[in-house]
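Shared between the two complexes below is chain A, which has chain B as its partner in the first and chain C in the second.
Right, the complex of A and B next:
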C-alpha cells in the first residue's frame, strides 16, 4: 500500500493505539477496557452476545417500523387536513418530550410481561424526528405541480400520493437515518422495565459485576450496529434517490401570526393534552395509586398539607438539572457548528472526523453515561460532556448541510474579489447555515433533556432524573408525575424559546425561510 | 421526601380504586385451582437472588399444588408495587421500608412472608481502609444513592455515630467509585457489590448493618388485602412452593446456582459471582427463628424491632402490616 492509501486509516489506528495503552495504564481503576480485551470478550462470548443483539435489534426494528409508520400517517393527516397540523405538531412534541425514566414503568403495567415496553419506547424515540422533516418535505413541492393535479380534477389525496410523497422521500430518509440509533437506545431502555434478555439486561449485569470488558464490549457492539444502520439507510437512499438527502431536522418556526392566535393554540393544545391524559387513564382503568390524574397533581402540589415540601423538592431538583443542562446544550451546539465550519474549510479532515462523530452519537447513552462520568469525574464536567455529545452530532450534520448550501453565485463573486476562505465563510456560508443550525438547536432541546435526566438517573444521582427514579421506588407517584410534567414542560418551553430566537435571527439573515 | 402518613383524601381514593381493580379481577372462576397461571413479580433481574423460586418452578413444587407460576423479572426501572396493586401480579417481592412507603401512599398491601430475616444493607470498604464498626465511618466519604440518606441516618442514630462527620457522595450503584478511590466506603447490599469486588480480586470488608441494630425485613412477600381475602388458596399454594424451594436451596446452593444459570442462559450470569452471592445470602435468610418455625417466619418481637427502625426512617407502621396467616397455614402451625 502506498502512503496515500494508508492516510485515511492513520487517525483511527492512532486512536486505537492510544486507547489500548491508556487502558493498560489505568487497569486498576476498572474504568477502561482495552480494544484487545473487548475483542477477546466478544470472541469468548459470541453466542451470548449474538442472542442479546438479536433480541434488542428485533425490538428496535419493530419500534422503528411502527414509529416511522405512525409519523408517516400523522404527516399525511396533517397535509390532507391542514387545520389539524398545529394540533398534531403540539401533541407530537409533548409526547416526544415525556421522560423515558417515567414512561417505562407505566408501559410495563399497560403491556404486562413481554416486549411491549421495549418496542413502544423504540417507536416513541423515533417518530418525532421523522414527522418533522416529513412535514417540510411534503410541502417542498412546486405549486404548479399541485395546480396540474387540480386541473385534472383530482383532489388532495391524489396530490398527496402522486406529488407530495415523491417530493418528501429525501426528507423521509433524513429522518430515518437519525431514527436508527434512537430506536436501538429506546429498545435498550425498555429492557430496564423488567426483561429476561437483551443488550440492556446485559448492560445492567455488566455494571453491577464491575465487568469492564463486558460493559465496553456491549457499548462497542451497540455502536457498531447503530453506525451500520445509519450507513445502510444512507446507502439505500442513494440507490433510490437522485439527489443527496437533505438534512433538515425540523421545520423553520412558523411564520408571523398574531400573538393572540398563538396563545389560543397553546391553550387549545394544553386542553387537549389534559383531556387525553385524564381520559386515557380512565379508559385504561388504571389505579390512581400509580396512575395520577391532573386533579391528583393539583391536589399534591397546591392543596395537600405537604404541598410546599413537594414543590420545594421539585424546584431544587430542577435547579440541579438546569445547572448542567444549559452549559452542556450550548457546548454541544457550539462544538457541532464549529466542527462543521472546520470541515468546510479543511475537507480532508472529514475522513477521520465523520466516522468518529457518527460513532460517538450512536453509542447508547445508557452505557456511556456511567463510563463518561467515571472518566471525567462526577462533577460538572462529566454530565456536561455527555449532554454535549448528544447535541453535537445532529448540529454538525445540519450545519454541514447548511454551509454547503451557500449560493454558488455569491461564493463566486466573493472569490472573484479574491476574498479569503474565512471571509467567504463569514459573509456567505454562515448566514446560509443559520436555518439548519436553528432547526438542529430546536430538536436538540428534548435530546439534551433526555441526556441530562438519564445521566442523573444512572450516574450522578441528583436532579430531576434521580428524583423520578427515587419517587418510583418509594411509591411517591404524585412526585413522579409532577416531575414528569416539569421535565416535559422544560423541553417544550425550551423548544419554544429557541423558536423565538430563531425567528428574530432569521428575519434578519434568512427572511425567505419565514415566508 | 417523607410524607406524613394518615388518611388524606388521596389515600382514600387510591385505596378505593386499587380495591376495585383487584375485585374486578377476582371475578374470574377459580374452582379447583385447575392450573391457574399467576404472575409473581420479582424485585430484580434473574439471578441466584431468587434461586429458591427457580427450584420451586423446576421441581414442580407449584405444579403439584395446581399452580402455574410465571416469574416476572424486575429491573432498574421496574417498581414492584404497581403490578401488584393493579392485579397483574398476584404477589411481589418488596422490603418492609418500601412496603411501608407504598402503604402510606394508599396501597393496600400486607407482608405475608419474610425471605431475608436480616437486612442485606451493608457498608463495604477496601480492606486497606476498612469499616468494621459504624464509628469507623466518621471522617469518611461514603458513596450511595441520595435516596438512602435516611438509612444511613438511622444507622448513625442507633449506634451514636456523628452523622455530620460522614461526607455523602451521590454515586451510581457500582463498586467502581470505591475501587477508584473516589469514596472510602459504599452503602450497598452485602450480596452484590462486595461479591463483584471479591470476584474481580479486590480485597474488601463488609459490615452488615443488621449486625448493628438496623432491623428492616427485606425480600418480603407482599399481596393486596383483596387478594388475601379472595385468592387465598392460590396464595397459600404459591407460598408453600416458595418455602419448599428455599429449603431445597439451603441444602445445596451449588445446585441452585447451576439451575439458575441453566434456566437463564441469556442473563449474562457469571457462575463464580452467582455462587458466592447464593452462599452469602444463606445467613440472611435462615436463622434460629426460621429453624424453629420455618422459612419466612417472624415473631411479634422482630416486628417490634422493625417498627422501631422504620420509625427512624420516618415510616410509621403498625404490626397489622404483617399478616402471618398464610405462613401459619403453610407450616401447619
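Right, the complex of A and C next:
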C-alpha cells in the first residue's frame, strides 16, 4: 500500500476523525453523535434497523421500477409521437413539482393503510429524473444513423428500437443512478405520513424522542444504502456500456417559437392539467370532502365567506417560505459553482474531495433534514443551510462537468499564449460552464422547494410546508389543496423563469444546444 | 525576428508505454517553413505539441532561439493553429483575435485586425460569432488569430483540414507571404503532400509511430512561388519524392502499418 493508493481515503478519514472528536467535544449539546456511537447503536439495534430497512427498501424498489417504467414508456411515446412531447414534458414537470409534503397525506387518504403512498411517492420521485435524460439520449443520435434506417425503408419504430434505444442507454443509466437514492427518499417521505413501519417511521420517532444516536444512525444508514445503490447501478452499467454515463444537462424544453405560441402551449398545458385533475378525481369517484376539484378551490379562494382569510393565510405562508427559499437556493448555487472552480484550479484538492462529493451526491438529503435541524437549530440558519445543501451537490457536479467543456483545444490555445490558470478560468472555463450552471439552477428549483417545505413541516413550523401539514391534520382540505397548487406553481414558475434566463445564456454560450 | 529551433534527443513515450516519438535530432532553420509529413497517428502532432511547450518531452531538449519553449511561451513568441479551430463560441471573430492579443500583452490595433481578417477572406464577418460561420471560415479565423500576435514561431497543426479546395489554394497563395515578410519560422504538420510542397522550404517525412525522420527533402523552388506552381516539373518531382519516402517509411514498418 503506497501513499498514492491511500490518498483518496485521506479526505474521508480526516472527516471521520474530525467528526468523532467534535462529537466528544460537544457531547453535552446533544446534537452530534460520534461515528463510534452510531456504529454502536446500529449493532445494538440490528434487528429493528434491518426490519425497517427491509420495508423501506422494498417500497423504494417497487417505486423505482414503476416510476422508471413510466418514464421509459413516456419517453418512447414522446419520440414516436413528436407532437405529444411538449404536453408530456409539461405534465411531467407539474407532477414532479407537486409537494411531497402534501401528496403524502392525500395519498394516505386515497390508499388507506398499507404501502401505497410510499411506493407512489418513490415512483413520483424518480420518473422525472429518468424521463429528461432519456429524452435527451433518444435524440443524441446522429441524423445519418436515422437516415440509414430510412434508406432501408424502415420506419420510426425500427429506428427507435434499433438505433435510438441503444444510443440512449448511457443516458438511461445516468438517470437511473440519480433515481436510486431519489426512490429511497420518496419511500421515506411516504413513511413520514402514517405508515406502520420503515425507516421514515423510525426517523419521526427518533426526532420526537430527541434520540440523537438513533437519528444519526438512521441518516447514516439511509446514506450508505443510497450510495451503495448509486455505485451498484454504476458498476452494472460499466459492465454493459463502453463509456462512462454522461452528465445530463438537458436544454430547456421550449423550442424556437414565437412568444404567442409559447403562451398557447402554456394555456393548453394548463387546460390539460386541470382536465386531468378534475377527470381523475371524478373517474375515481372520490368524495369532494377531501378530493378537491378545481372548482372547489375557486370557490374556497374567491367566493366563500372566508375566502379573504384563506388567501391571507396562503400569502403569508408563501412569504415565509420565500424568505428562506431565496437565500438558500442562491447560497447553494454559488457555493457549488465556487467549489467547482476551486477544484479545477487545484486539481490535487479534487483527488481528495471528489470521491466524497460523488458519494454525497447520492445522499437522500431530506433524510438528513433532522440532523441539520439538530445541528443548526430550527431557525433561519438551519433551513437555509438545508436548502443550500440540497442545491449545492448537483450544482457542483454540473459545474465541474461544465468547466471541462472548453471548446476544442481552446485551453491549449490559451496556454500557447502563456495565459495563467486564472485567465483560462476567466476567459474559457467560466463562460463554458455557464450552460451547465443554469441547467443545474433550473433543475434545482423543484428540489429546493421540496427541501424548504420538508424543513418547514418537520422543524420550523411556518411557511407553506407547515401550512400543508397543519391543514392535512386539521382536515382543512380546501387549504391543503390550495397550498399544493400554490407550491406547485412556485416550482413551475421558478423553473420557467430560470429556463428563460438559461435560453438567453445558451443563445450566446452554447447555441448548438438550442438547435 | 527569426528564430532557430533545435531539438536534440527529443522523444515522447506516453504513460502506458506508447512510444510516440523516437529520440530524434532536428534543427529548424530560422525564417524557413518546415513541413512535417507522415501517416495518421505517427506522432507528428506530438512533436509539434512538444515544441509548442504543450507537452513535456520524455527525454531531450528543445531550444527556440536559444531559449526554452516555456520562455518563448512566456513572452508570447509563438502561436499555434490547430485542426480544430478552438475559437471561443461566445466571442466574435474580432473578439477572439483581441483576446489573443490581450493574452500576449500586445496592443489591439483595429486596422491591423481588419487587415488580417481581410487577408483570410473573412471581410464582413468580423463581428460574427463562430457558430454562424462554416467550418472553413472558422479555421481561417483561427489562422488570423495565430498570425495576429506576430509570433516568431508559428506552429500549424493541419490548419487547412476542413477548408475547401478553393480556399485552401487561396490561403496557400496568400499566407506564406505574411510569415515570410516577417521572417517567421513556421512548422506545418500535414498529411497532404501537395500542401507540404506548396507551402514549405523543407519537408521532413516521418515514419509510422513511433515517429522517426525517414527523409529530409529540400524544396528549392524560389519564393514567391508562381501561381502555376503545380504545373512546374520540379513541383511534381518533389511530390513524387515525398510520396516515395512516405511509402518507403510505411513499407519498412509494415507490421505496424496496418493501423
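Odds and ends about this structure:
By our rule, the second predicted complex is superposed on the first by the 486 of 515 C-alpha atoms of A that agree within 3 Å, B and C clash if a C-alpha of one lies under 4 Å from a C-alpha of the other, contacts with A are read in each partner's own complex, and residues count from 1 in each chain.
The rule is short, and it goes like this: contacts are C-beta pairs under 8 Å (C-beta built on N, C-alpha and C of every residue); 3 or more make two chains touch, one makes a residue touch a chain.
All values reported here derive from a predicted model rather than from experimental measurement.
Clash-free side-by-side placement of chain B and chain C is the outcome of superposition onto chain A.
More chain A residues lie in contact with B than with the other chain of the pair chain B and chain C.
Looking at the shared chain after the overlay, A:334 reaches neither chain B nor chain C. Of the two partner chains placed by superposition, A:323 touches none, neither chain B nor chain C.
Applying the stated contact rule after C-alpha superposition, one finds that A:428 touches chain C and leaves chain B untouched. Contacts of A:349 after superposition on the shared chain: neither chain B nor chain C is touched.
Look at A:417: by the touch rule set out above, it reaches chain C but stays clear of chain B. When the shared chain is aligned, no partner comes close enough to touch A:87: not chain B, not chain C.
In the superposition on chain A, contact of A:508 is made with chain C only, not with chain B. Of the two partner chains placed by superposition, only chain B is touched by A:201; chain C is not. Between chain B and chain C, an angle of 170 degrees opens at the CA centre of chain A in the superposed model, to the nearest 10. Here's the short version: in the overlay, chain B gets within 50 Å of chain C at its closest Cα pair. Shared contact residues of chain A, touching chain B in one structure and chain C in the other, are absent.
Remark: chain A residues 28-31, 48, 51-52, 55, 101, 104-105, 108-109, 112-113, 189, 191-198, 201-202, 204-211, 214, 285-290, 296, 299-300, 304-306, 313, 370, 373-374, 378, 458-462, 466, 469-479 touch chain B in the complex. By the touch rule above, chain B contacts chain A in their complex via residues 1, 3-4, 8-10, 13-14, 17-18, 21, 39, 45-46, 70, 72-79, 81-83, 85-86, 88, 98, 101-102, 105-107, 145-147, 169-177, 179-180, 182, 192-193, 196-197, 199-200, 264-270, 273.
By the touch rule above, chain A contacts chain C in their complex via residues 407-410, 412-419, 423, 427-428, 431, 508-512.
By the touch rule above, chain C contacts chain A in their complex via residues 52-54, 73-76, 78-80, 82, 84-90, 99-100, 103-104, 129, 131, 145, 149, 155.
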